[in-house]
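A, B, C and D are the chain letters, set down in written order, and residue numbers restart from 1 in every chain.
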């Protein structure tokens, strides 16, 4: 769907949470293709996943196709890889993205590389769903946004929706994509509601979405920073600053063209993300924009990622750790 | 092995009472909205660390998990600092920067609290290795859940500890669940003690809800470790008397089993035992309980009245000397 | 269980001969400078995959490691493509992009070769799971070394396979060494079969250098898996008759033990057995050996004469449809 | 030592390999402080580490202090962390950097965070030594340069020497540093020889070294790309292009000031590294240089990292995968 179509559809679409939207995408995919199955910790009913992504699905499709695992992330991801090598379409759940650290060998050394290492004789059509903490006082080991590790690992597709609608369409695409996809679901967004078209639809990977049009400054972001950016833009509008908010939606493939087109117009770019700013995803975007629009920008490209530190627990510090609407607005003002 | 004296049994029971009272008080605060934090119940598991604590020295090391408030209390982390940390206050063990899942207090030997299942075991082997290398006679105890036995780190650590014969005690608090999944639903192993015995270290299952049994097992394991006899794997049988964390459901738990476990819950059960088998007077227990109640209340007041960490704290403690920025 | 026929024994021995001949030819090429590649000897371990291969079907799956040339040959990876891959040629199984540590050939069921110790086991459980879900009756065999039993992934995978009862056979090729470290120097476990039995799956140790014993054990495990009887852990006792990889030293190996193992090396030993116990004529064996010799030479010639991959191949096979660049 | 002092010293210094230099640093540290010990796979004699970093040391200091481990990278790093928490100074060896993927939980969730999570009550003074493949036909799982993962993990110091002299001084500093240090030893450099001062010396972390002075272009690099860059610079000199080659030596702390100072002069910057270019370490440097010298550069900042793909085995492809002298020289020419 184009943004316009989406906007039109939104009026009529039923409203649900991002978690429900995820659930719908899985449900539709499982209904459509008996080779789709889910595995992960506590994903069976009655829990249906600690974030409810698979709620009801083990009851509907049976415990063969929605199966609990031991606490064994290496085995979870590895088993998904194995089944996918012969054409199945496993959806693995890693409860929180921080626990990718336990499974990085399967993710980076196997899932990402097996197509290349086999000269294309095999491929790994898995989807790994994972919750991304942050903003909930979960502390240093349950709040990390690790898309940067994934981006630096050639062979992985990296997806992070910011709305229920995007989540459903992107996850559906991931499930039937022939490459390993990491689907990051932000905890702060999982239970926010939004319009979601009924039935089956797919949103292509690698296509950014302009969540708000504007002329003065281009604000590039994704995931749970999108609502923060939109809130900042809203505030700035009243001050006469027009901000374009681009939601990248997928980090790999990266829709840099969308960013460049907007930046050519506004000549001012701010990149905002929850991942660590230093050596983070924004650095790539800033480097490319600075390179491609050399001599054409009014101001240097600005970045606002999270502070260079582990994530603090106390709410008073955590608020300062991640970008948030007030500081985002200030940064835009400095640019405009 | 020394027989368990009444004094020792009472000390253990007092620790259990402190743990239970603290938990009850926190739950009350969470229910009323007075407090907000992620809280992992330790109700039903009090006897394990209480008995272990009795046989540890202050300078011994302990490692635990998110579900570790009981371990922290038993190891002697000051209640004020513990509660302040759980509340995210600057007076907490980590100045409020760690939170309930990351309590560290080297002063009392509580070295690491980790939120990653299995993550603590390799670290504990390293702590024990330091004692072996230094010959300092310390013992390391590492606590973890039954579910943690499925993860790779656990196996690597147990194998390494057995190989190196370092003074560590692996305390598996088998509360029969990993989050929402029952023991039999994540492994076909009949017994964890049996499984880990095959790594070439002492391993046994013990009634983790009995002061007497736990104390005996803990003393044996700790004495063996301290005297150079190598590591032990203790499978401490217990039961998680509530949901995984505060606010989570229990619908997946067998209600009959839960009711039976509740009827045999360790605080009441060991209280009955102290009275019936050890001839401890009700008055002694009542007075102790009142003292503990007051202590807990005062510690919580301290925590509540403390300030949150100041903004500068965001950037400190990343590295030893530099500002937080890596450049 | 069917008795091992002479025909079957001869087929197994022919596979062993192919493996040995290929290795000898490669070593000759490496020594003379005709070839360059990283090469992990499989000398001494030929009987294990040869016997397993006899009981597998083409459509069954196999996973192996860097030390996996014997497994690839036994599973039926075409020798031409295998050698071409090892030489980095465009006619190789991976067009020369994988190399000796990353041979994949789904046509013959050789699904993954990994260079990460333990990395293959979880993947094998997934392959077996696909068969359980699809009911396709296939069996997955995963090969790994004794040293790989120390790493977390191995334990996670075995526990999961036992829990799910998927049709997988864990083939631990216990050649007594992990790189330069002896079995007893990395674990206090008395027996790996014993250790892994505690996960609730069939587990046994077997003489991995005997065609007869290996064939019996492989058939039992594969039949059990195929008929829904669940996974097996086979500890195949063997001996690595050389250094870890081509060019590495053996100074840390016990020379007497090595000499004894060399005296009992499986190709000569099973050849003697075929003649003495099975009444196979020397002429039959000699002719087979000559045939194999010619085959190997011709496969190597094919590999040597093939072209390296063209520069475009740098960017293909990263993703399914996109150019290599992520944007 | 200043570069000048180094240059002076070089005349007299004995020559040895980078591996020998590593060995010397460990030896001196172990001699000096009985709390320093080593653990890892195959590090005891007679092997003394597959790259010989600890050769002779188990014989000299005993198997208690130089101890073999099972193949258990999580346990290796975890055990090092544990011993370091109480003040010991463990040197853990992870045979190849690719295997960090197996141990990332201990590295990123524990070593990097324990100081912060404990509010400074504990710290993790470990050194993890690891070999970095690349350029040796070791294939996709044995050739990765993963400093980018490390840089994106607040709390880790990241070091990659390019000469024997630097290796000895930097590793010595790492061992006695109070934070977790990752010491990356490039396979292609391990057995190249260079002058190494005898005895004890320390090179501070966070200080780049100008390996060659120049006026036209600033070439920023580290690790095994340094000799490639120097070879390119040598060639370019004969063509009349003067290239300054800055060897960062440590990625965290990052001596961005050294880069900026040179770039202010040359107004042309090329960053070269073996890690993947996309979202790689060079992106951070490019983003900062573009930002700080906005409007002052003659040309956009250029980056040359490795190709976005797993690492191919065939020599013909591997040569094209990583930057090398000829393509580096071309890139400099385009900039000059």
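In the analysis below, a contact is a pair of C-beta atoms (placed from the backbone, for glycine too) under 8 Å apart; a residue touches a chain by one contact, two chains touch by 3 or more.
Small disclaimer: the values here were computed from a predicted structure and weren't measured.
Chemist: Using the touch rule from the top, work out which pair, C-D or A-C, shares more C-beta pairs.
Modeler: Here the pair linked by more C-beta pairs in contact is A-C.
Chemist: Can you name the chain that lies farthest from chain C, using the mean of each chain's Cα atoms as its centre?
Modeler: Taking each chain's C-alpha mean as its centre, the farthest from chain C is B.
Chemist: Approximately how many whole Å separate the CA-defined centres of chain C and chain D?
Modeler: Roughly 36 Å separates the two chain centres.
Chemist: I'd like to verify one number: the distance from the centre of chain B to the centre of chain C, where each centre is the average of its C-alpha atoms, in whole angstrom.
Modeler: Distance between chain centres, rounded to whole Å: 45 Å.
Chemist: Distance between chain A and chain D based on Cα centroids, please, to the nearest Å.
Modeler: Comparing mean C-alpha positions, chain D is 32 Å from chain A.
Chemist: Could you state the distance in Å from the CA-based centre of chain A to that of chain C?
Modeler: Chain A and chain C have C-alpha centres separated by 40 Å.
Chemist: Which positions in chain D are in touch with at least two other chains?
Modeler: 69-70, 72, 74, 98-99, 101-102, 105, 109, 116-117, 139-141, 151, 154-155, 278, 308-310, 312
Chemist: Using the touch definition from the top, which residues of chain B touch two or more other chains?
Modeler: Within chain B, the residues that touch at least two other chains are 94, 96-98, 102, 114, 116, 150-153, 156, 159, 163, 185-187, 313, 317-318, 324, 326-327.
Chemist: Okay, in this complex, where on chain D does chain C touch?
Modeler: Touch list, chain D to chain C: 41-42, 46-47, 50, 68-74, 98-99, 101-102, 137-142, 278, 307-310, 312-317, 320-321.
Chemist: Within their complex, state which residues of chain A touch chain C.
Modeler: It is residues 37, 64-65, 67, 69-70, 72, 74-88, 90, 105-106, 109-110, 114-123, 151, 154-155, 157, 177-179, 206, 252-257, 288 of chain A that touch chain C.
Chemist: Would you pull the chain D residues touching chain A in the complex into a rising list?
Modeler: Listed in rising order, the residues of chain D that touch chain A are 98-102, 104-105, 107-109, 112-113, 116-117, 139-141, 146, 148-149, 151-155, 275-276, 278-284, 286-287, 290-292, 294, 297, 299-303, 308-310, 312.
Chemist: Along chain B, where are the residues that touch chain A in the complex?
Modeler: 37-38, 88-89, 94, 96-102, 114-118, 147-148, 150-153, 178-181, 185-187, 249, 251-252, 308-309, 311, 313-315, 317-318, 324-327
Chemist: In their shared complex, at which residues does chain C touch chain A?
Modeler: These residues of chain C touch chain A: 61, 63, 92-98, 102, 104-106, 111-112, 114, 116, 119, 121-130, 132-134, 140, 152-153, 156-157, 159-160, 163-164, 313, 316-322, 324, 326-327.
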